[in-house]
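As written, the chain order gives the labels A, B, C, D and E, with residue 1 at the start of each chain.
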Amino acid sequence: MHAHVIEAGQVRQIRDPDAIREAHAAGRHLWVEIGDPSATTEAFLTSTFGVHPLIVEDIFGERSVPKIDEFDTHLYIVVHAIGPARDPLVADVGLLDVVIGDTFVLTQHREGPATGLLLDRLQRNPKLLERGPAWLAHAFIDGLVDRYEPYMNALRQRIDAVEEHVLLRAGLADGKDLLPELFALRRVIQALCRTTDHQRQILRRLSRGDLAQIPDDCRLYFRDVYDHFTRVDEHAEDYKDAITSLVDAYLTVQSNRMNETVKRLTLMSTVLLPLNFIASFYGMNFKNMPELSWPWGRAFAVAEMFALALLVWGWFKTKKWV
Amino acid sequence: MHAHVIEAGQVRQIRDPDAIREAHAAGRHLWVEIGDPSATTEAFLTSTFGVHPLIVEDIFGERSVPKIDEFDTHLYIVVHAIGPARDPLVADVGLLDVVIGDTFVLTQHREGPATGLLLDRLQRNPKLLERGPAWLAHAFIDGLVDRYEPYMNALRQRIDAVEEHVLLRAGLADGKDLLPELFALRRVIQALCRTTDHQRQILRRLSRGDLAQIPDDCRLYFRDVYDHFTRVDEHAEDYKDAITSLVDAYLTVQSNRMNETVKRLTLMSTVLLPLNFIASFYGMNFKNMPELSWPWGRAFAVAEMFALALLVWGWFKTKKWV
Amino acid sequence: MHAHVIEAGQVRQIRDPDAIREAHAAGRHLWVEIGDPSATTEAFLTSTFGVHPLIVEDIFGERSVPKIDEFDTHLYIVVHAIGPARDPLVADVGLLDVVIGDTFVLTQHREGPATGLLLDRLQRNPKLLERGPAWLAHAFIDGLVDRYEPYMNALRQRIDAVEEHVLLRAGLADGKDLLPELFALRRVIQALCRTTDHQRQILRRLSRGDLAQIPDDCRLYFRDVYDHFTRVDEHAEDYKDAITSLVDAYLTVQSNRMNETVKRLTLMSTVLLPLNFIASFYGMNFKNMPELSWPWGRAFAVAEMFALALLVWGWFKTKKWV
Amino acid sequence: MHAHVIEAGQVRQIRDPDAIREAHAAGRHLWVEIGDPSATTEAFLTSTFGVHPLIVEDIFGERSVPKIDEFDTHLYIVVHAIGPARDPLVADVGLLDVVIGDTFVLTQHREGPATGLLLDRLQRNPKLLERGPAWLAHAFIDGLVDRYEPYMNALRQRIDAVEEHVLLRAGLADGKDLLPELFALRRVIQALCRTTDHQRQILRRLSRGDLAQIPDDCRLYFRDVYDHFTRVDEHAEDYKDAITSLVDAYLTVQSNRMNETVKRLTLMSTVLLPLNFIASFYGMNFKNMPELSWPWGRAFAVAEMFALALLVWGWFKTKKWV
Amino acid sequence: MHAHVIEAGQVRQIRDPDAIREAHAAGRHLWVEIGDPSATTEAFLTSTFGVHPLIVEDIFGERSVPKIDEFDTHLYIVVHAIGPARDPLVADVGLLDVVIGDTFVLTQHREGPATGLLLDRLQRNPKLLERGPAWLAHAFIDGLVDRYEPYMNALRQRIDAVEEHVLLRAGLADGKDLLPELFALRRVIQALCRTTDHQRQILRRLSRGDLAQIPDDCRLYFRDVYDHFTRVDEHAEDYKDAITSLVDAYLTVQSNRMNETVKRLTLMSTVLLPLNFIASFYGMNFKNMPELSWPWGRAFAVAEMFALALLVWGWFKTKKWV
């Protein structure tokens, strides 16, 4: 656990618990990174900052869904952060717990890409902390939300690639079995939709005027974040629709392409069958088959075959079967 | 950046920033086209018209979704404009930012078909600006919304053409592969639905009585625009349904038409197979096959073939398979 | 334009604009049929009855969707009328514009079946006009709504006929290509649902207690109309569901019936193939085939064929394939 | 028309209209069964009990959907009753009209199973009428709602039977054509859902505290009925989902089972074809075919056939096609 | 029926009804397990604790859906408990009835896994009862809700196993008929969704501030339970979606894999057919077929066959059919 405080326009770290307590008692604006759980830390949070036991339990408990809980003197927010993943199927998802008090912001993040980002934000604009905890929390959350965009783009490209494969190659011999990928994509997007939906509701809550911890002028900035994230959420919904219809399309296109092949093969058989019949016909052992002795008999049979094959083919053409 | 002001019933342009500031200070009604972004322009907007930094950021930032944001003294609206496209799959979409103040309207448009339209509107009816900024904004927005209709019609025709192709030719030899077009149409319509839905909510918001910048008598006119746009939105929804069911229908019709072909080919084989069997039968080398020596043996075999073929065909007919 | 007024319990027509103006000024209850658009008429409506320009524009403009608009002193309602059509696919749809003022009802209808109906309603019960404009408007709207029922029944019968065809004949040789009809039906029903949904909302609005032009005792009667129309709307929704699932069922049933045919044809081939093989077998030219010289050799081969055919058939039977 | 009144704890019938009027005027609690429509009855209802003309019209008019209408002094409720049907596809549906006044309950039922039930309810507990009209109405409605359960169970069993048939036999030779039954079931369930949905809304309305005719302690009992009926409504929704997915599953399972058959038949052909080829091969008339003269030539050919058949079969096995 | 009371920090049981009545009259906090129904018990509940007859009826009646009913002085809650099942298809579901009064909690559970759990909860933290009935009820409900998690995990694993089977083996010879399992899963999940949806609404109701029996500080803890259960509910919804799309995917994948087999078999036939034709051709009995007498005639025919087979195969390759 270490706190950040602004001194002479510079970010300074305080690591000593007593010093943190002192600074808090002096009414100075603080940003505290909570760090690893321990009985001491838990007690410190409760005694010094008056954090509700339920918040402490959630911060150190198993990771959960995005949410916003209003307590008497604190606002507890859990937001999802997402990192720029190489493979969108393995999203680098992290959670950031934010507690907004009247003079302090507590944050907790263990995994995920949020760690460096937050300090960077503060260092680039130390005034944020002076302005108030809500402004700092806004900067943190805005930073996390911005990182959704590259992930969404990577996902879009992946879906486009799958769609192109479905349109051009599904059901052909060089078509891959896309079903596992489609199912994996659907699962990822389903989870993403859940998250973005929760997150959007949190941001909408923050951008409305009914939270004591968010001053009115800051609320406009949260509304801006909400507007941006609405786009992310809508893209997620679009991807969900896209993947659902892609699964359907893939299976049907695959089926149709195979049926197309079967149709063409059957066509070939159907052209060959009459020829075969003629050959069998002249293979009958009747005594009384004078054409067998004709000098042009064989040529006549071959001509019959050609004629029949052309006839059948032409008939197919007029029927638009081939 | 240049402003439009009404003088003696005529639209006059002011290009000098100081003159604009003066006219504004004098309380004259202004329409300002913002133009290219620059630090000067941004400062001018904030200092002269008191535009909120978030609006400035949005106006010059990356283009975004339609929205309406209420600030203390301004109303900020982003609407989509759509031009008459040759190919509805390549919609000529532009964005118009409108800021309504108490005595001025600021607009910003870079791409898209809005540019000439706005000036034309004002010149046809210069009184609009005298009447107040809300009336001018109404004229602008009404003009943009009207241009949706030709686009929607072009889209409808395209969908109808695809539908006709599906009904008449899918799965036949002269049927095109419609899947890429159907997928492209779906994507376009999905984006369109998003936009029209946002835009409709903006117009509904404008047509209700809770915005300080819109006077009551002007509100009725916004309600009229809302009514018209509701139709556009509903058409977009209808197109979405239509395209979804067209994809399904296309794939199934294609499959059924191919199966129909396979069925007919199989029918032909099934009629030929017994004939072939008879020919093979009389090709057996048994010594004791007296019919081989009959003078009418061959004719008898051919008669058998004909009879069998007719029998099979007739049986198919009674079963309604052919 | 001509007005209807009640004199001594009889409906009397006034055609002279000045007389109409006089009667209106005298506070008499009037029903005015507006008729063809002209500058004079428009001016008359605005000056005499104080109709808002937006209403005038809508009345004479292009035909639009059902809606209800509340103005300061008027209530403007647009309802759909539907006539008893021979072919439900070509619905005889008309629009009736109704403006309810404090002492008058203005109506406008050009196409459609409403014309005679309205006068008939008034003549059957002239007291309606005396009672107040809301009562007359109720009678008109009630009459239009009643006419939906025969149309809905015709539509139901058409859908039932198509459903029966799908269940009994789709995919057989005497089955028609129902797809164009199904698509046409879907489009008609989709439009119908839009209309009935709008209309139902209008009627709900009329049956609630927040419109100044509708007195409380009349409101109960509008609620009755709303209840009746709710049924129409629900039927329309049911038809929409029915047609959607019919399209699916039609395509799949067609496919299954064709596959059934292919299966039976393949069955025949599969029974014949072993026979053919036996015939080919005894057509081999090996010297050492003693059965060829047996006196019962041929009979033996035929017996083999019969046995094999029965065996294969029996096997299929036990597998429940036939 | 006859009224029921409680005298000394016993239910007594009054059939004389004047006696009914007298009892009503004396403020006694009455339950009146309205019976066949006549001008006298209509006039009696209006004059004696002050029933609104719209209620009278609805009671004697064509049968309609469940609804609840609040009038100044009366509450008018229409509920659906359903009888225990042998065949759930032919539901024995009836309607009960209930009018609740301050001292009386009017009921009307012509068809359906409600008739005996109501009297039975009252006779088992005559105090109900003494307690007030709302309590009697509750007893009636509770009794009707209870009868939904056996019907729902019968429907469930029918659906289960169809589902089992789909899972085990669809597409096999002993599988019935379930499509007509599935479509009939869907139509019945669709209508049922409509009714239960309306009815549930009525019961919810009755169980809330905003109806003057329902005292607060009785309202708790209506809430209990609402809770029970919610289950009926949810079952109806479940059945709707079940039948929709059953139609899909049936058609696809049927298709797959037939394709399975075709696959196996094609397999047989594919095993036989090489054998046939070998037989044809040795049926060629080339002079230079020494194996034809070998003493073991024929046996060799048969061995070839066996080997080839085994090879093909084994290949299929490793490919998991059989 | 036996009551639990806290004495000197220890849980003590009272089994004598009079003693229970006495303790209740003395205002001591009680937890009463109701046990088997009997007229005595029912009377005791009503007379001593003032429980409403409707609650008594529900507690001893047939088991019903989760619900929450607010009575004047009591809060009646029915929650679902679920035990850790070996086979998620046979969920070990139980119901717990909880009545919260001002100084007591009544519970009723007959079947299911709740029995031991409750006592265990109280013994681990006897202060709960001292703190108030709402806190004890919270502990009970929290305990039940926690047990959903292992069940949900077991269900997830089952669905994953089925999904893997669908992706890898459906339609192959070693693929099981998954349809019965999929239908069973869907039914279980459908019921689960109903329950979790009801339960979530109950918990939301408990976590809001409008119930007199739940003090404000306890409400925060119910909100925590609600947050956790929301996840369970969302998982249930996800499973429902997953199973629905799995049924579709299973049937289509099965169909496609079989068609794939048919395609390959047809390919083999199509390669063999020309060879057969060549053999039949040289089996014709024409006199004038000089190649029959060529010494290399047979070899030439075999070469023709090879060449033709290669040609056909190569053609298929370039068409990407194989």
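The rule is simple: a residue touches a chain if its C-beta (ideal position, glycine included) is under 8 Å from a C-beta of that chain, and two chains touch if they have at least 3 such contacts.
On a predicted model such as this, the values are computed, not experimentally measured, just so you know.
Traced through touching neighbours, the fewest hops from chain C to chain E number 2.
Rounded to the nearest 5, the angle that brings the Cα atoms of chain A onto chain E is 70°. Residues touching across the chain C and chain D pair largely diverge in numbering: under half of the numbers involved belong to both copies.
For the pair chain A and chain B, the distance between mean C-alpha positions equals 25 Å. We define each chain's centre as the mean of its Cα atoms; on that basis chain B and chain D are separated by 41 Å.
Shared interface positions of chain A, defined as residues touching 2 or more other chains, are 248, 252, 255, 259, 262, 266, 269, 273, 276, 280, 283-285, 289. Taken as a contact graph, with one node per protein chain and an edge wherever two chains touch, the assembly forms a single closed ring in which every chain touches exactly two others.
Traced around the ring of touching chains, beginning at chain B and stepping first to chain C, the chains run B, C, D, E, A. Of all residues in chain C, those touching chain B in their complex are 52, 54, 58, 64-65, 67, 69, 71, 172-174, 179-180, 183, 186, 190, 194, 244, 247-248, 251-252, 254-255, 258-259, 261-262, 264-266, 268-269, 272-273, 275-276, 279-280, 282-285, 289, 292-298, 301. Across the complex, chain E meets chain A through its residues 163, 167, 220-221, 223-224, 227-228, 230-231, 234, 238, 241, 245, 248-249, 252-253, 255-256, 259-260, 262-263, 266-267, 269-270, 273-274, 276-277, 280-281, 283-289, 317, 319-322.
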